[in-house]
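A, B, C and D are the chain letters, set down in written order, and residue numbers restart from 1 in every chain.
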Amino acid sequence: MGRQATAAPFAIELKGISKAFGPVQANKDINIAVPKGTIHGIIGENGAGKSTLMSILYGFYKADSGQILVGGQPTPIPDSQSAIRAGIGMVFQHFKLVQNFTVLENIVLGAEEGALLNTSLGKARQVLKDLAQEYGLNVDPDALIEDLSVGHQQRVEILKALYRQADILILDEPTGVLTPDEADHLFRILRGLKDQGKTIILITHKLREIMEATDNVSVMRRGTMVATVKTRDTSPEQLAELMVGRKVLLEVEKTPPAPGKVVLSVQDLRVRDEHGVERLKGVSLDIRAGEILGIAGVAGNGQSELLAALGGMTKASGTITLNGVPLPLSGPGSDGQSRREAGIAHVPEDRHHHGLILDFAAWENVAFGYHNDPKYQKSALFMDNDALRADTEKKMATYDVRPPIPTLEAKNFSGGNQQKIVVAREVEQNPDLLLIGQPTRGVDIGAIEFIHKQIVALRDAGKAILLVSVELDEIMSLSDRIAVMFDGQIMGMRDPASTDERELGMLMAGMTGTSDAKLKKEAY
Amino acid sequence: EPALIYDLGGKFDKSFNEAAFNGAERWAQETGGTYKEIEMQNEAQREQALRRLAEAGSNPIVTTGFGMSDPIATVSKDFPDTKFVTIDGFVDPAAHPNVLSIGFAEHEGSYLVGMMAALASKTGTVSFVGGMDIPLIRNFACGYAQGAKAANPDINFISNMTGTTPAAWNDPVKGSELAKAQKAQGSDVIFAAAGGTGLGVLQAAADEGILSIGVDSNQNHLHPGSVLTSMLKRVDVAVYNSMKQGEALDTTPQALNLASDGVGYAMDEHNAALVTPEMQAAVDAAAEKIKSGELVVHDYRTDDTCPVATF
Amino acid sequence: MDRLPRWADLTLVPLVSLLFAAVISALVLLSIGQSPTEALKVMIDGALGSPYGWGYTLYYATSFIFTGLAVTVAFHAGLFNIGGEGQAQIGGLGVALVCLSLPWPHWTVALAAATAGAALFGAAWAAIPAYLQAKRGSHIVITTIMFNYIAAALMVYVLVDVLRPTGQMDPASARFPVGAQLPALNDIPGFSLIFQRPVPANITLLIALAMAVVVWALLWRTRLGYQIRAFGKSEAAAKYAGINPVRITIIAMLISGGLAGMMSINNVMGEAERLLQNSSEGAGFIGIAVALMGRNHPFGVVLAALLFGFLYQGGAELGLWTSIPIEMRIVVQGLVILFTGALDMMVRMILERLFALVRSAKAVRAA
Amino acid sequence: MDYATLLQVLDTTVRLATPLLLACLAGLYSERAGIFDIGLEGKMLSAAMSAGAVAALTGSAWAGLLAGIGASMLFAALHGLAAITFRGNQLISGVALNFLASGLTVLIAQAMFKQGGRTPPLSGDARFNPVTLPGAEALRDVPLIGPLYYEVISGHSVLVYIAFLIVPFTWWVLFRTRFGLRLRAVGENPAAVDTAGVSVIGLRFAAVAITGILCGVAGAYMATALQAGFGREMTAGRGYIALAALIFAKWRPVAAMWACLLFGFFQALALRPDVVQSVVQMKVPVPLLDALPYILTVLVLAGFVGKAIPPRAGGQPYVKER
């Protein structure tokens, strides 16, 4: 590979990069330069265009305009092959692995030597052994990807890049799915790579990681690059301000809770997935009226299953009672309709796949899940579409949904406004219990504030709320009590006033006692 | 202007429908006239085709295959001035004076080729592949078996039908597989009365080096040296005569037999080497006896039984 | 690139797709040495040029409305029902059994009973693929294709061994009694002014039109329709909303199969007046093209059914009066499905380009 | 059933399984690459027509084979255009192409030969004639295996042997070569292939092209070996049965061969109701025998014969950006 160590100070330079997806201008005239042998952070709100920019650099998307320089040389990168040839490797936010292939097969895919597999696999096995020693990247080369933990899958992605002799490594939100401990391990690896002279671009939402790991940091906002600064010259507060364009008040204003009687009581709740693997391993908890119970945890530790089981989306075993009345967990009466009738509303974690029918108009979505509600019926046979449209107009006004057009299809609203439609629908049902998952994922600061206020208002109205979020900040600021989930179990219950991120992080990694840290599961 | 409707096997089945086509062509050549023709593709089309032709003024409308008789019975009432011909079918002439039904004495022709088969067989086993399993086709098989038994009382007779629907007229793959199966059971002369399916039978017989017997048209030329003879059913004559009479068609039902040259067997240069003079003499003698009434071949359709075979 | 305006998406896309299909059909005709204009003339003449032609065009259109609606309902539930053919044939069996079972006093009574029979049998034939899809995840496209073949075999057995009157050679049922014979359009006051001679189009046409309205109301005005559409758009979301996937899959397929079965009142009871082999004549498959062309909207389906009725009757006329084989209509049908169903992105992209051009031209003029 | 009858049925089985096998392997390449193809039927049909026509015109079965492959590849290219380039619905594209093939074949054959949509009967070198394998005559009298070798294994056309050789070859390609690795990957996760620097579109088109070739051979076999010429709708649903066999075989080549032999065996039995009757000792309605492969397919699909998990990305167009 014809790359020689020129005197160029920059490993990567992007000049005037722009990219639009249909009407969405994801990147606008972006300029950035990454010095060789540094770790360069990129931060920005959801949808700011970070992933798009990196995908362009990796040849996954094609920029509408702009220029890429690698090692000082203008290098067109029309496809990933060119990026690989230019020494760029990327670990995507969503891993690009073939699930039923072995580690080895995934590593050689696209980088085979010759038409027959034997030689490629043999060589890869050797290289893998060397890399494992050099960087502490151990994985079983013959394991199937689907059998590996997320952390190990990520290692495979890094190994893939290193196997292709990448000098520049891009990582897109690598720690979103990792426990704090796994994340620490990752950063040790990254530092090792940096010491070998590799250049690393790191996308993350976590300002702590930026401050700890990077040399420089670039901030993106709504498709533009607003600043690039040396990390040691900046502060988290300044970065946050740069990100959203104004001073941010992260604290939620709320009065102390006044918990009443137990609304929801869960005993020994268990859920198996379609492969028969137990994802929820005996969860028990109570939620009282006028209380927000926050569930903290790394994504994939059973929070989704907990919401799904309570919301009637999946079969479960154990017992749950709502206001003292037991609810069936499988068979008739265990579906989402029955739960809604019982007084449970549910803002799902994934609004695109669950909360909305994207091809339906806003007014049709306002009935979604409540289509059997008598207030939307004209007669035994027909629905009252006029009433529904009127109701939608009212909700859109209250929740400041923009644009306030009931006939607009859901897919044509931005993420924040879509979320407002879902929240409006569920909160306005005035339920006894509100299940709410990732309420502000992909939602901008303004909308976050609004949604948080609604949640608190519902609590103050004496309702019970179960809040699931991967954002520790959100959990800490909203919850009246915090339960931490790990590996399908509740690791502990904490009072937000008397705990901190460190303690919660330990629990999230499966460590119960803070003194004698004992791993429940093979960590990173 | 007359019209001709072919049955589901299709105009170029080299057999039944093609015989009809040949008759029409002969009429066209001799008179310089033109005729309309339609090939049926499925059952439900029949009535529309009849109506459309009648509507457009075709007369007479000649049809092949028994499947046409029921639609004709319906349509002919709406077009009393149009003459219809159903070849192989039957429509009550009392109720439908404008319909001519033409039938054939297939058992007589089949008897002759059955004799020839038995005389040509070296294995002592001859066989029959029928198209759709209906009395009409069983009549072929029964006549054939009677002839074979007459020529050789010890002859072993095998019979298979292709199917129970009109699709059985057009399934050469099944035809050839049945032929191969019959060969495996010892047969070395196979009579195919199966429309387009028969082409597969004749092909397989040629491939396997045994003899076959064609049907309806003269099929000797298809595999010279392998087709022993063909049982002729003069559909061409029926069509020719009907077209020739034109609008003045006489609708008294006809039964064409050996005596009236409506059935027979084919001799030409393609099978001359296969048929010895002795064989031909024996067959011709039997033919004379049938014509004179001295020999009566049992017609399966009269009582739905066959004296020498079961199906 | 900007999206197409909604009106263009609804009208221009199918029309342009149709145009593509027409152009390619013309090329096919030219390549086999036939004149497309001559062919078109024969088709228009034969299908629309006389009450006789209309009688057939409307007759076929009636069948296609039913099968098109059948495909539409399934489609809204996210199910691709290719089994209309088999469901229609089995529906025909239902019609025949009803019609032959009693000496019906009047056609109205017979019609009501036969409609129920047709819908019931058609629905029953759709029930097994539906159940297998819902419960066992068997791909409905393949199971319904298989059920078409199985239906054909079953019909052979029934017609040959059960329903065939003794002495009859062709595989068909006996004729239906007089009390079970439906009035054709020429028997209906008003219509009889136009149709003075017997035509195959019959009272079922009105039922078909009524069903189009019923299906429209079902899909867009009732709770069931809401659930069907929601399920069809997103199965995961339906589950969240507590819409039972098994229930909706089965109900939608039962309605779909019932509609497909109901087409048999048109051809079996209204026209042939006995049950024949292959009675549906491919209408089940044409329903796919009709639904795609009609953009899965009942009113679109009615228009598309008329178009296909024209193509079908016109195609028959081609087979009759020209040397163009009747298979031409299958080619046209395939082309329409291809362009409206599979190459719709291509058509849309072309239109988007055109719209962008027009827009920029306007912008230039404005500036 | 005596041994001779059994051999005869097995002999038929091999003949009838061959087009299924070729079509099934064809589908395997396509579906392993993530492109569903219910248009196997149409491709076979178009190939059968072209092969029959060209063999009749040139008198060469090999020329017919090439023409069949060409026609089938044309249809494959159309499917690729719709399913890969324009990301259309793969099922609908398959259905449409089946219609197109069904109509066009008759139209063209009729225009060329005016024989009711058939091609003229083939004979001599215009057909693939049976070949006798070495030693077949010599071994014929060895008890048991002699007749088996002579009747069932020897005496088929060369295309039959090619079809069965493609089975191990396909296995080797799929699991031992770079192309196979990429092909399997693109059917499971096209994004992984894309980010690994390999063209998803290129791979998928390659797979679809192979499908075209194999369907071409299958169709040519129908018209120039199994039968002597093309006839209307002569593939008679074999493309669908091949698909079912593919699912039955869980998209694995060797299992596909066994599945096709099984379906071929059913088809052979349907040709011999007399044999079935003598074995089960009662009259079996022929339509039931005819429907048996389809019924079995439904049972397979229903998972009563084991759950089949298709390639994960199957049926979905690969969309990077909307």
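Basically, contacts are C-beta pairs under 8 Å (C-beta built on N, C-alpha and C of every residue); 3 or more make two chains touch, one makes a residue touch a chain.
What you are looking at is a predicted structure, and each value in this text was computed from that prediction instead of being measured.
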item	value
Intersection of contact partners for chain A and chain D	C
Contact pairs, highest-scoring chain pair	C-D
Taking each chain's C-alpha mean as its centre, the one farthest from chain B	A
Chain centre separation in whole Å, for chain B relative to chain A (CA means)	77
Inter-centroid spacing, chain C versus chain B (mean Cα positions, whole Å)	39
Chain centre separation (chain A, chain C; CA means) in Å	46
Separation of chain C from chain D, taking each centre as the mean of its C-alpha atoms, in whole Å	30
Residues of chain D engaged with two or more neighbouring chains	117, 287
Touching two or more other chains - residue numbers and ranges from chain B	164
Contacts with two or more other chains, residues of chain C listed in rising order	156, 160-161
Chain pairs that touch, as defined at the top of this document	A-C, A-D, B-C, B-D, C-D
Contact footprint of chain C on chain A as seen in their complex	22-23, 311-313, 335-340, 346, 348, 353-360, 364, 367-369, 371-372, 377, 381-383, 385
Chain B residues touching chain D - in the complex, by the definition given at the top	10-12, 39, 160, 163-164, 170, 172-174, 176-178, 180-181, 184, 196, 199-200, 203, 206-207, 222-223
Contact footprint of chain D on chain A as seen in their complex	21-22, 58-61, 79-85, 90, 92, 96-101, 105-106, 108-112, 114-118, 120, 160
Residue numbers on chain D that touch chain B, as the complex places them	4-5, 7-8, 11-12, 15-16, 115-118, 121, 123, 129-130, 226-228, 231-232, 234, 268, 271-272, 274, 286-287
Chain C-touching residues of chain D, taken from the complex the two chains share	38, 78, 81-83, 86-93, 95-104, 106-108, 110-111, 117, 237, 240, 243-244, 247, 285, 287-288, 290-291, 294-295, 297-298, 301-303
